[in-house]
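In the two complexes below, chain A is the common chain; its partner is chain B in one and chain C in the other.
Let's turn to the complex of A and B:
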């Protein structure tokens, strides 16, 4: 690569970094501003908004509600997704391509459309809007990601591993539990964190399928309607730090696990 | 010990789509025998191994193990264990846990597992590595762990799928000797699959040469090397001279052939060809004697050295045979002897017992 190209490439890289992080930085800064109005200049600083967030029982309970939804929907998607991945990988049967396509489809449908469809379907089935409906919609939406991640890992499991287990006396179930599953753990963990973040972050499905109790993104949206305030920045910053920490930890953990078992 | 074979393979065939992997194969393996299946890739040797292990099902035929028909049994219900080509050690278990895996699944109690583990790890000199993970072991150590894991449940038959292929050349020769000595000391039947003829010759009690889903020849290493039955076997195992001629006479268990107007005598390990039929004879390089005076051997041809290759202790000679067109024969001589040979005419001589008449 010549010098001109290198300079251009690093310019593009830094432009991208600025583009991604400057808005986040501004949002974080505004959370510390000692004034109700968002915007520069910041004349004095305060932690008042953060104190407000941690004292606000509505925010705290909404946070818990969102986490519970994330945990439940993730549990469902990881179980179903892993099961489908194991079913699809390494086997040739009639209709496999169609089944795979149908599995991936929920990830490709625009959120608003799937949210409306779920709403109509839920009403048709007599399912009340609320936690159950949200968990259901999130789980369906997240299954494809689990399937893709777990299948990718499963495709690298040498066939001889399972054969060796069978050879040594393990029936198909035991060889799955003791050989295949441990091999899949890094990918399952990765998929779990990804699902948690997707669910925690979701607005559209939660908005359409929610009952009276809002999830965190829905609450932020509701608060926005009554006017922008640094309190929202503070809530968003807490959520941002939390998800970033979990995401980075999971990414590193998954990579280390994968490296160890491949070595 | 009973005289009945440990394993009887009765007429198994296997197809993958339109490809014939095995064609009506029948074979017995005796107790305590080291049998090697030798052949190029796609010859059916691995398919046979996988059918014995229970990983493939034969289309026709039966597999009898220790008097029981195991044809339809899955791998976990056969008293057969396998050493895989890539060893297939479980990466999330230590060497000790890997070896104990088969014992646990046999339903052995903790004390039994511990003492068997101790025994097998001492036997294979693995005691220092019990707590290491496969990633922390060298290639040779992994190979031994794989062997220990397969031997631990005390199988009636051990299957080995080219387990030395991943080792470097120096280590391989050493492991060959170890493996042979382990087999002797355990008195187990080993079913070894390889495409490496040298490996097969060095370790086996018996070699089965496979080609295109069929058995080409079945015999001791010496028989296969010195009395190959077919051209395929003669060429696949070792270096050889092939002489194409015509059958002139059959007498006293010998076959007399005509080769460029000369009469040569040889033996056949297999079917006797008919008179006047074309025939190919195989004579090993080291069976050819190089003489300056006409020797008193069954077969004698005159020639001239046209090429020398120095190989260290010995030398490879290319000898152009007089009045035989382009035909040259290759022979090994002692290096000192080879150096002293000039352009002068010389003689090649060999006995009938060393020359094998081949079926095509």
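Let's turn to the complex of A and C:
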């Protein structure tokens, strides 16, 4: 009975793996089809669409634009998020629960509502749609994820180390910079990569806060609305490879870092 | 001539006059230290996290936004009343709530066995690897994954080709632009947010409970229903809430995968912001309605699940 269960469950797992991988693999395959027409079967293959993507200055500059937005917004998110995590973890004060709730709020607001609220707020502040507005919205939206990741790591920090540093005469800032911060580095790096991917992949905020220049997901969306083409598959595949490689690398890196600092 | 300081960097820093006096000013006593630490987070959270929501709610109650120079705004409730006046407003709203609930349930049914398998039947060493395998597709963005579903389900898509080649159907089934294609897309996008809470709840569950149940003669199904399921209700609750909130917020996926009969409220809301006219307050009111409805639904759901959990302990 137990054995039968196990086999059945492993079949379910692998079926689920197929479900999450097959659509992406098909999408990648279609980018090599030697025809303008999206659909199966694929009879002849070509690299022409990829050559087109790398020759298209609009697409290349969109990649750069999205990466710049991701880098800037991540910088803000990580700084603010780490600060809030340090305040919230291991301290008890009045209003802590409320502050924590408000910190997590942006992660719980459904996408469309968050985008609309940011758009209205930006207009109230006089921020024009464009890069600044997108960077700001991504930065605010990603803070909760940084806080959660850094707080989890901070909760395992041996308090005695900080106390030892203070006893030896280090002031709060120096003991933070020399004891706490190095301990947090793996989680901060993990949070950084997570924010970079969230920002790079974000559609809804970029769409509502963007100006004339599209980010990569907005460009793909706009192209899709005017019809499917293997060119879009090539663009999407380049984006997919980029995000997957960064994600896998970060996962391995943070795991190794965490193991080393635990040892 | 300046004598070079041989002390390490940190020693030099803490001995540097301006640094010492500013540290003395900022960290005199735990109270002041706390004030220094707490100021930025409180300001940030109030102006950046809460601010946009408050501004949206207040715009939804004014008669014009942005305010034209030289005119006065008036408070009004008309945008909220407008919601009830027309079918094309409230139909997408209820459709969104129903779709999101159904998709959430489907995601739960689909991912529970997967999480169960990972947490209970895989050795801890392989567990991370198999979990990581599932994480990879989820780093790929919303739009790219939506497009992948379009290719899968199109009339000349892989699924139709497969069904035709094994002789199940003669002509392609029009999957696309229906609530089915939208559901497949949304479940595809949200599955991980269900899987992770379920996995961590199942992983925490001690095996001894199940063994004790087996010793007392309970069959596999009884053990699942009386032990595993009640003790993972917390994970189920948080996964469902997360997936429900995310599903209600999708805009691009319904636009790309749905059709005219599947318009969701996100599309209705977005419509007020596409036109250059003065419809922002209506859009703000509708977004506020959506947000409140999502909060109420998840709140009631949480209450129900908590009741269920307490009932099982007794």
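Criterion: the second predicted complex is superposed on the first by the 262 of 263 C-alpha atoms of A that agree within 3 Å, B and C clash if a C-alpha of one lies under 4 Å from a C-alpha of the other, contacts with A are read in each partner's own complex, and residues count from 1 in each chain.
Simple rule for what comes next: a contact is a pair of C-beta atoms (placed from the backbone, for glycine too) under 8 Å apart; a residue touches a chain by one contact, two chains touch by 3 or more.
If you're wondering where the values come from, they're calculated on a predicted model, not measured in any experiment.
**Q** Looking at A:209, would you say it contacts chain B, chain C, both, or neither? Reply first, second, both or neither.
**A** neither
**Q** Report for A:133: first if it touches chain B alone, second if chain C alone, otherwise both or neither.
**A** neither
**Q** If you stack the two complexes on chain A, which partner ends up touching A:166: first (chain B), second (chain C), both, or neither?
**A** first
**Q** Touch check for A:232: first (chain B), second (chain C), both, or neither?
**A** Once the two structures are laid over each other on A, A:232 reaches chain C alone.
**Q** Thinking of the overlay built on chain A, is A:182 touched by chain B (first), by chain C (second), by both, or by neither?
**A** Once the two structures are laid over each other on A, A:182 reaches chain B alone.
**Q** Report for A:13: first if it touches chain B alone, second if chain C alone, otherwise both or neither.
**A** second
**Q** After lining up the shared chain so the two structures overlap, which partner does A:174 touch, if you call chain B first and chain C second: first, second, both or neither?
**A** both
**Q** In this superposition, which partner touches a larger number of chain A residues, chain B or chain C?
**A** Of chain B and chain C, C contacts more residues of chain A.
**Q** So which positions on chain A get touched by both chain B and chain C?
**A** Shared contact residues on chain A (touching chain B in one complex, chain C in the other): 170-171, 174, 178.
**Q** Would you pull the chain A residues touching chain C in the complex into a rising list?
**A** Touch list, chain A to chain C: 1-2, 5-6, 9-10, 12-13, 16-17, 19-24, 26-27, 30, 37-41, 80, 83-84, 86-88, 91, 93, 99, 102-103, 105-106, 108-121, 123-124, 140, 143, 170-174, 178, 197, 200-204, 207-208, 216-217, 220-221, 224-225, 228, 232-233, 236, 239-240, 243-244, 246-248, 251, 255.
**Q** For chain A, which residues count as touching chain B in their complex?
**A** Touch residues, chain A against chain B: 158, 160-161, 163-171, 174, 178-179, 182-183, 260-263.
**Q** What part of chain B is in contact with chain A in the complex they form?
**A** Its residues touching chain A are 53-55, 74-76, 80-82, 84-86, 88-92, 101-102, 105-106, 135, 149-150, 153.
**Q** Please give the residue numbers of chain C that touch chain A in the complex, ascending.
**A** 10, 13-14, 23, 27, 33-34, 37-38, 40-42, 44-46, 48-53, 55-56, 59, 65-66, 110-111, 113-114, 116-118, 121, 128, 130, 132-145, 147-152, 154-158, 161, 188, 191, 220, 245-246, 248-252, 255-256, 266, 269-270, 273, 280, 283-284, 287, 290-291, 294
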